[in-house]
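Here's a structure for you.
To keep things simple, chains are lettered A, B and C as they appear, and every chain counts its residues starting from 1.
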Amino acid sequence: MSDDSHIRIRDLNLFYDDAQVLKDVSVSIHSLHVTAIIGASGCGKTSLLKCINRLAELAPRARVTGEVIVGNQDIYARGVDVTAVRKRIGLIAQKPTPLPMSIFENVAYGPRIYGMGSKKKLRETVERCLKTVGLWDEVKARLKDPAGRLSIGQQQRLCLARGLAVEPEVLLFDEPTSSLDPNSALRIERAIVELKSNYTCVVVTHNLVQARRIADHVLFMSDGKLVEHGAADAMFDSPREAQTQAYIMDESL
Amino acid sequence: MTRRKLLDRLLKVTSAASMGVVVAALAAILWTIISKGAKSLNWSLITQVPKGDFYTGGGGGIANAILGSIYLGIGATLLALAIGLPTVLYLRTYADRSRFASVVRGLLDVLWGVPSIVFGAFGFTLMIYLGMRASLLAGIITVAMFELPIMIRAMDLVMRMVPHELDEVSYGLGATRCETAIKVIARQAIPGIVTGALLAFGRGIGDAASVLFTAGFTDRIPESLTQPAATLPLAIFFQMGTPFKEVQDRAYGAALVLVMIVLVTSVASRVLSARLGRYVV
Amino acid sequence: MLATTLFSGMLVVVIAVALYARSRPLIASKSLSAIIFGANWKPSAGEFGLGPFIIGTAWVTAVAAIIAVPLCIFASIYLAEYAAPRTRSILKPLIDLLAGIPSVVYGAWAALVIVPLIADHLGPYAQAHLKRIPLLNAEYVTGYSVLAGGIVLAVMICPVIISVAEEVLRAVPQDYRDASYAVGATRLETITKVVIRRALRGLMAAVVLGISRALGETMAVLMVVGNVAALPKSVFDPAYPLPALIANNYGEMMSIPLYDSALLCAALVLLVIVLFFNVAARLVLVRGASR
């Protein structure tokens, strides 16, 4: 295995009851790069993402087999503290979902749970994370306002800030811009590209143009299987598999 | 007009008229209570305790019953909340959509239908079994059991509407189930929790059958949990039961006080749940 | 949290078991059927027949149902099919208000208004004109009667029936109505032939739910029904429903042997009857919804 892979996935299978959603997925995710997962609806991209931060198993009657090794740890090994895993791996969901609290409390939620610091440290953390996502100037005067009052684009940036506050190593994005207007979408994309210098990023997207813009590596999935993966430029310009080529051509039309 | 059109008109009129009858009944009841009650309602009635011959026409007031009811109502509602809130949180956070939750919800539906006199009879049985005497505490326990299904049903309804995305966000940040339940789900459901608690309080404070055997009755204001407590519903009941017209008239004053408490509770419920619910997404 | 959940779920079972346990002394000495069907209630002579009280409950509940059911079905049709959203938003809280009025207040009102109404107006009318009709003939009318209990009960169960029935009617998808109007049906035809037909199970459940509330209602009925342990022969006669029996006699429970057992047995019988109706209504609602 190459030295710069942060996450190594081996023979991952996901079942909901009898339906198999992920079939023998094996791949490495490069550290401090942006990896995009593309594929048609229902191919398992979001499920794969959720297996990485162990959120997939929360669905009723879900079963996971295989290994996911983050750094040095198989996060599916017996006795692993699942909340600690989820702290290391953040997820920004498709639909911006603020918690029912003030803007400040949203960002402070994670750090508070982990006892990460005094009031002063919390304020510093909140400010830092909001600045990183470019939200600080817009909200600094109304940190106590309900988070639900922000616009959708602001809410999504808030969700990103919230995820950053627990100091993860990996950031997962599930179609982060599909609910947003083009302006907000661009801001999120720019943030992701900036973040990759400090975090390993994995982005699920159905927007190939977006994938071209931000991705260093690409995974193409179909029907629960990983069909092809490689460097972004190579994948888009000359994909090896016929399926990949067909998908890319279809989406480009 | 054709027969069809005539029948059509008839349905509209009958339906509207029926609704009118129901509303008129409400108006009639409120009107009677307000007009008769206002006549007997005065400061001394509210602030004094009954003198020895209060129930045969003598002097005094119903302060004992007013305070007794308030102590009982608050105590019972807090007790029911202490049991009911963790229950709905558990059902929503740990067990939602499971068979276990369906079974429990079914049992709670059944509990909801139990008449208050049966709660009173059970409370009495419990009292004897535990060697308690008719007291504020016994009344609180019994009324809490009566309030429990009412409170749970109202809160559960709102809890189940809390979107599951919120759960995932919380877990995604590394929170445990318990932390998620208390810090996120409960926060989102605050309007429902407030409404449920105050609704249950209104029902509990107005119920006579559950306190009949268990809270006792006394002319004094209870000073501890082990003393018997007078309650407004029973005060009304006993006053109506006398053959003296002046006493019966005073019963309407007590009824008016009780109705006002229930009304104020209802209004407070709306106001509080709007205010406390400002963070709801 | 799990503990409170288990407690809440098991409470109804615990109540039933406890009441049964306390009734056992009585059931041991007389058979259950002797208690339920026995027609004599003379505690000092050791006779504990609950028959008259069960019948009394049935009478009052039946009168309440006869008055409330048509009234509430039509009222909920108005609410669901005719009322504008603004009107509905005013009426629904009013109905909730009706539901929140305490039982004793209903009783006080009924004692003041309904009982004299029967004694001074309805009774004499029946005596004069309705002599031949069974169940409505009035020989000796004090006003404290099955009719008084039935009327106050009817008002009390209206909110229950209306709120469930209205929800059930509104749950019928608009597509059905549109399809009916599209072929030229009138409102009445659409409502009766399409909407109500779809909602029928739910409407029945609403009625059964209302009946189960009526069965257990204690104080209001107690105050106007007369509390005479004889079989009523007309609606103008007094009766003695089961809840009233329990409420009136708790004070003497410990003084006569087996009296406490008998009253708790009465509570158990009441519980079983109410639960039967309640569970039946729930099953109908659940099955109806999953269709």
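The criterion applied here is as follows: contacts are C-beta pairs under 8 Å (C-beta built on N, C-alpha and C of every residue); 3 or more make two chains touch, one makes a residue touch a chain.
This structure is a prediction, so every number in the text was calculated from the model and none was measured.
Central chain, going by Cα centroids?
The most central chain here turns out to be B.
With centres defined by CA atoms only, which chain is the most remote from chain B?
Farthest from chain B by mean C-alpha position: A.
In whole angstrom, what separates the CA-based centres of chain A and chain B?
48
Suppose each chain is reduced to the average of its Cα coordinates; what separation in Å results between chain A and chain C?
Chain centres of chain A and chain C, defined by C-alpha means, are spaced 57 Å apart.
How many angstrom between the C-alpha centroids of chain C and chain B?
Averaging C-alpha atoms per chain gives centres 20 Å apart.
Which positions in chain C are in touch with at least two other chains?
Nothing qualifies.
Provide the residue numbers of chain B that touch chain A in the complex, in ascending order.
97-98, 163, 165-176, 179, 183-184, 187-188, 190, 278-281
Can you name the residues of chain B that touch chain C in the complex?
Touch residues, chain B against chain C: 4-5, 7-8, 10-12, 14-19, 21-23, 25-26, 28-29, 32-33, 36, 82-84, 86-87, 89-91, 94-95, 103-104, 106-122, 124-126, 145, 148-149, 152, 178, 181, 199, 202-203, 205-209, 212-213, 233-234, 236-237, 240, 251-252, 255, 258-259, 262-263, 266.
Which residues of chain C touch chain B in their complex?
For this pair, the touching residues of chain C are 1-5, 7-13, 15, 18-19, 22, 70-75, 77-79, 81-83, 91, 94-98, 100-109, 111-113, 155, 158, 162, 186-189, 191-192, 209, 212-213, 215-219, 223, 243, 246-247, 250, 263-264, 267, 270-271, 274-275, 277-279, 282.
Where on chain A does chain B make contact in their complex?
Checking each residue of chain A against chain B gives 53, 55, 58, 60, 83-87, 90-91, 93, 95, 97-102, 109-110, 113-114, 146-148, 159, 162-163, 166.
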